[in-house]
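Supplied in structure tokens, the structure appears directly below.
By letter and in written order, the chains are A, B, C and D; residue numbering begins at 1 in each of them.
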Amino acid sequence: MSAILAVRDLEKTFGSLVAAHDITVSVPAEQTVGVIGANGAGKTTFINMITGHLRPTKGGIWFEDQEITGKPSREITRLGISRSFQVAQIFPSLTVFDNVCVAAAIARRSGGMWGSITTPVRSPDATAEAEATIELFQIGRYRDTPANTLPQGVRKLLDIGMAVVGWPRLLLLDEPTSGISIEEKFDLMNVVMSALKTRKITVLFVEHDMEIVARFADRVLAFYDGTVIADGTPTDTLDSPRVQELISGVRLKPAAGSGGHA
Amino acid sequence: MFLFAAAAAPLLPEWIVSLTTIAFANALVVLGLVVLWRVGLVSFGQALYYCIGAYVVALLARWTGLTDAFALIVIGGVAAGLVAVLIGFLLARYREIFFAMLSLALSMILYGVLVKTESLGSSDGFSVTTPTFLGYAPHREALGLSLYWLTLGVDAIAAVLVGAYFRSVAGALAAPIRDNEIRVEFLGVSVNSIIHAKVVIAGILGGLGGALAAMAIGHVDPNMAYWTTSGSFVFVTILAGAGSVAAAFVGSLVFEAVRSFAVDVMPGLWQMTLGSVLLLTILFLPDGLGSLVSRLKRRGEVQRP
Amino acid sequence: MLITFAILTDGLVYAAYLFIVAIGLTLIFGVMKILNVTHGSFYAFGAYGAATAVGIYSNADWPAAAGFLFMLVLAMAIGLVMGLILERGLLRLVYGKDEVVIVLVTYATFLILEDVIVLIWGPQSYAAYQPMVSAGNIEIGELVLSNYDIVLVAIAAGLAGLAYWSLKFTRYGRLLTTVIFDRETAAAFGINVTLVYSATFVIGAMLGALGGAMMAPKIAVTLGIGVEVIVLAFAVVAIGGMGSIEGALVGALIVGICRAAAVHLVPQIELFVIYGVMALVLVARPYGLFVRAQPRKI
Amino acid sequence: MSHRETVTRWALAGLAAATATIGSALAQTPAAPAAPPPVKLGIVSFLTGPAASPFGIPGRNGAEIVIEALNAGKAPAPFNTVGFGGSKIEAKYVDEAGTVANVVTEYRNLVQRDQVDAVIGYVSSGSCLAVTPVAEELKALTVFYDCGTTRIFEEKPRNYVFRVSPHATMDNVAAARYLVAKKKNITSFSGINQNYAWGQDSWRDFLGAMKVLAPKAEADKVLFPKLFAGEYGAEVSTLLTSKSQALHTSFFDGDLEGLVYQEQARGLDKRMTIIMTTGEAAIWRLRDKLPDGTIIGGRGANGPLARDTEINKWFQKIYTDRYNIPPTYPSYQMAQSLLGLKIAYDKAAKAGAKPTADQIAAAFKGIEFEGPAGHVKMMLGDGHQGITETAYGTYRFNKQKKEPEIVDIIRYPAECVNPPAGVEAEAWIKDGMKGAKCN
């Protein structure tokens, strides 16, 4: 089948600074794509453009053959693209359940302002969906904990869970393991990836840790200086000399990107 | 609560009935502020809608001779609501203190306009024709009670609807928006339109409150739009807390009672009394009287087998 | 020609008045993010203090200038004491609460202080006109200007200069700017934020009192003068941008000139000028003229 | 449904709070002493806020001193009987400050909670207009003492509301008459009045009267600064650029003093004569700061403008002895109102038993009496609105005696500056003040 996501000649400049240029990628459904590159290589910019947080200066983005270039993020979300964040974006004052439940309710509300005023937030199916997702991400034991007291790993899972609860078809994970200790990283990714597989979600994930990329990605995009310098299977990409030379240095300091704002 | 209060009315002395009527009319404005406060917004200009509601009632009675309380209230609420819709387009983009300041400026402009309008009695305002109730034209006690019951009725409806709203998606988004607007946007919701809706709801409630107050007081004047009026509404909101719908009504009643008590017992020093009450509330009851409500709730649940 | 000159001078005088009232407010907001309603009380206490001072000195016959200084000093002393008491005794307890809640705290304090004034000075009004009257006036063409007003403008200008200089070139000023820019970092760099807060609030309070003291000779010092000033100062600060000194200056000038022009040319609209300007500016620049919104990063 | 339950709990709590106030209220009013039961008066005026010092407090003081005298039966004849109808007066003083909602609430509390026999008070015309319908509804006898608006008795006939003090029309009509008398060939005048009802009405009446009395003269600058603006720099220079020979102002206290200081610093009074319709209330504080030659009104023949009658001397004395400052017009208005009510009450009480509101009201209608401020006729508003003569004069600070004094006083008979019964003030002025009897 045709690509679920297609990106052509994408470019983003801030004044004189070129954050991303000449990015052309197309992703078939249910593929898991790892995105690597040093800080400032344009990974997050790339994600932000797809999710509508940034408006591209040039080029176009197509999702399921529909152009979404420069649409506001909330519309793009409604179309079925969802994302998680480098720094987990959750609602600290709510419990884990309420976090997910709100997300579920929003995804399920019948359209428009009137819809969101008339549909209760704890509708049976929203609640059910929330419970299911919490199970799926194995954070059931934190169900009623206020989010502001959660350990880092759980925050990450919750963040992704909130992105997944709306049954997106494309999910972008911005450094899902940033700020997570090396020991936990693999368990976390195992949980996440198996969850996404069961929901048949196409995934783009930004990652600094090459082992994780090698382990979980079907395909790897290597960013350097705002554009894609290598694109292929993990092995091909990671072993390509340019990548070795320009990027894999990152491997030596895996947590470099943690918390930092690419 | 409303049934209870309604039943109690005939037993109470008239002056308490009228005091309570005004308190419960103002409670609607407070309820609107509670809706806003849940998203962390405070309007120092809510008196704008209060005043619009009041003047609409007074002017309709004066110009068209329409005196039916039910019609007047509805129109008052709608009028304020429409203004809120317009202002909302502007206001919804603002947050924090800037939201407060802009709403304050708008209400002060209305104040200026009214003071300038000599045909409407300028700062003296003018009196409101005694309302009728579907043709029934009561006087004295009867009138007081009718207004009181009408107010309670409107309050009850408002309380139920707002309660339902709080449980709806748009209502429940208040805390999330306060916490993290970006996340909300990425979940597929326009934060501004949610806030716009809240501004409108608050506006309608303000208008209803003003309409009822106008009839209960029997007089309208530009001070209804002055910033100190808004100030006292915010005051009650803090006193009540955003915890529960009921708190708005209790808070408003307690406020009126305390003020009247202070004026009665220490005529020269009632501002000091009010100030101290507010201060103590903030310091020792950070979530307002509402937090007492929820505490009672919790205790109630514990006691239940 | 005469009108234009009149508008400019009047505008300048009014702007000076507004700036003197607004600077303390904007300083406190900039550093502590507190919209300080109590500012009105500082103003009132300053005025009452000044009136008392003038009362004392006009009985003892000291030179006018000395009396003027005595007046200002006493007022600022009052501001100092009040500032300390409030910051240490009350605000300290509510830091970290919701911005709006803190506004309400200051509002409550304002209400209380309104009656404290009655307790101290009673309900009657006081006069402190001596400094202004003894200052005399000068004729410029048909126009007569009060020297006191000229002094007022000079002092306002002085304050503006002083504020600018101390923010840019003194250690405390640089501390302030860092705190204004980013509280956490400031704390991280070992700046004693608590101290900076106390200092700022006290200075703000003294400026408020100073404003009251300098207006005292022009007005009847009577109950309720604080209320009027609060909203005025808010408007100016909102126009210029909360927490920006140059904003307060420009805001004051805009409002001052606009109002003067209105009074001379279209008296009917005088009542709306301030809020009209404020609304317009806020519509065009939600955060005021001198403050930009920083988009949040993710 | 735990919601509903807690709600009910709160209803109880709320009512408790409310009842607490009744309790306290009852506690407030001590059990009546041995017969005859006292007559309870509610006395409302500004005890806080900007209007307290010029109007509220002098008004309250006037009430205190007069009630004392009446209770002691020490007032001069015909007021030398004890209290009202032989029973002592028990006054409760209430603050007028706050919104109309507060004012109305407090009024109801006085009538319905404290069961007062009559309410005397109110400075702000807004309060008076708001209270009037309530008073009529509650059939509660109410006497306004200071508010000046003509609307109260022009909008509707009233049954239970009275005002002994004349309304504001005569202040400005008389001001115009005095100005024209003093400046025969006046060509231009200006006005600075506060931007609210009082200021606007005052200017409207003055302007109307001038149109009639000096058609040649035209109004030049018409300024309406915000109430309590405090800073009048721009206004003063506007006036400095004007060729007017006179400036009309209805400013009161705080604003009036501010204006005086600021205009003096810039010598405006050297260029034009200032007419202050309420100036009399400020002379004792402004003293030598008030420019000589200023035209002073006192909302009637009050204070220094009052005639030198026995009862005026008496009032001047007891007031000055107590408060060591002479009484200003609000004190006079309060005294007049109390004395007027006393006459009505005594008349109604002749029947023996404690008179009802209706009896007192009936007795009050159309009475005439001599008060400290001269001869009162309850003539307008079907006998509910009093008129008196009024007077204007020119201010001079007597350097020898170090005392303010008002010289070349001109007195205007009531019928000269007030509309005839049944004619609306504004209309009366518009069509040339027909039927004015200025002897």
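Operating definition for what follows: a contact is a pair of C-beta atoms (placed from the backbone, for glycine too) under 8 Å apart; a residue touches a chain by one contact, two chains touch by 3 or more.
These figures come from a predicted structure and were not determined experimentally.
Here the chain-to-chain distance from subunit C to subunit D, counted in touching steps, is 1.
Taking the mean of each chain's C-alpha atoms, the chain closest to the overall C-alpha centroid is B. Each chain gets a centre from the mean of its Cα atoms; for subunit B and subunit C, those two points are 32 Å apart.
Averaging Cα coordinates per chain places subunit A and subunit C 50 Å apart. Subunit B and subunit D, compared by their mean Cα positions, are separated by 34 Å. Chain centres here are Cα averages; for subunit A and subunit D they lie 75 Å apart. Residue numbers of subunit B whose C-beta contacts span two or more other chains: 115-116, 182, 268, 271.
Chain contacts: subunit C has residues 114-115, 118, 123, 268, 271, 298 touching two or more partner chains. In subunit A, the residues that reach two or more other chains under the touch definition are 53, 85, 89.
Within the complex formed with subunit B, the residues of subunit D that make contact are 2-15, 17-22, 24-25, 28, 47-48, 93-95, 98-102, 104-106, 108-109, 111-113, 124-126, 129-130, 132-134, 137-138, 149, 151, 155, 195-198, 200, 204, 227. On subunit D, the positions that touch subunit C within their shared complex are 47-50, 52-54, 56-57, 195, 221-226, 228-231, 233-235, 237-238, 240-241, 253-258, 261-262, 264-268, 285-286, 289.
Across the complex, subunit B meets subunit A through its residues 164-165, 167-173, 175-176, 178-180, 182-190, 193-194, 197.
Chain contact summary for the complex, subunit B toward subunit D: residues 1, 4-5, 8, 12-16, 18-20, 22, 115-116, 118, 121-127, 130, 139-140, 143, 163, 213, 216-221, 223-224, 229, 244, 246-247, 249-250, 253-254, 256-261, 263-265, 267-268, 270-271, 289, 293, 296-297, 300-301. Subunit B meets subunit C in the complex at residues 37, 40, 42, 90, 93-94, 96-98, 100-102, 104-106, 108-109, 112-113, 115-116, 181-182, 227-228, 231, 234-235, 238, 268-269, 271-272, 274-276, 278-279, 282-283, 286.
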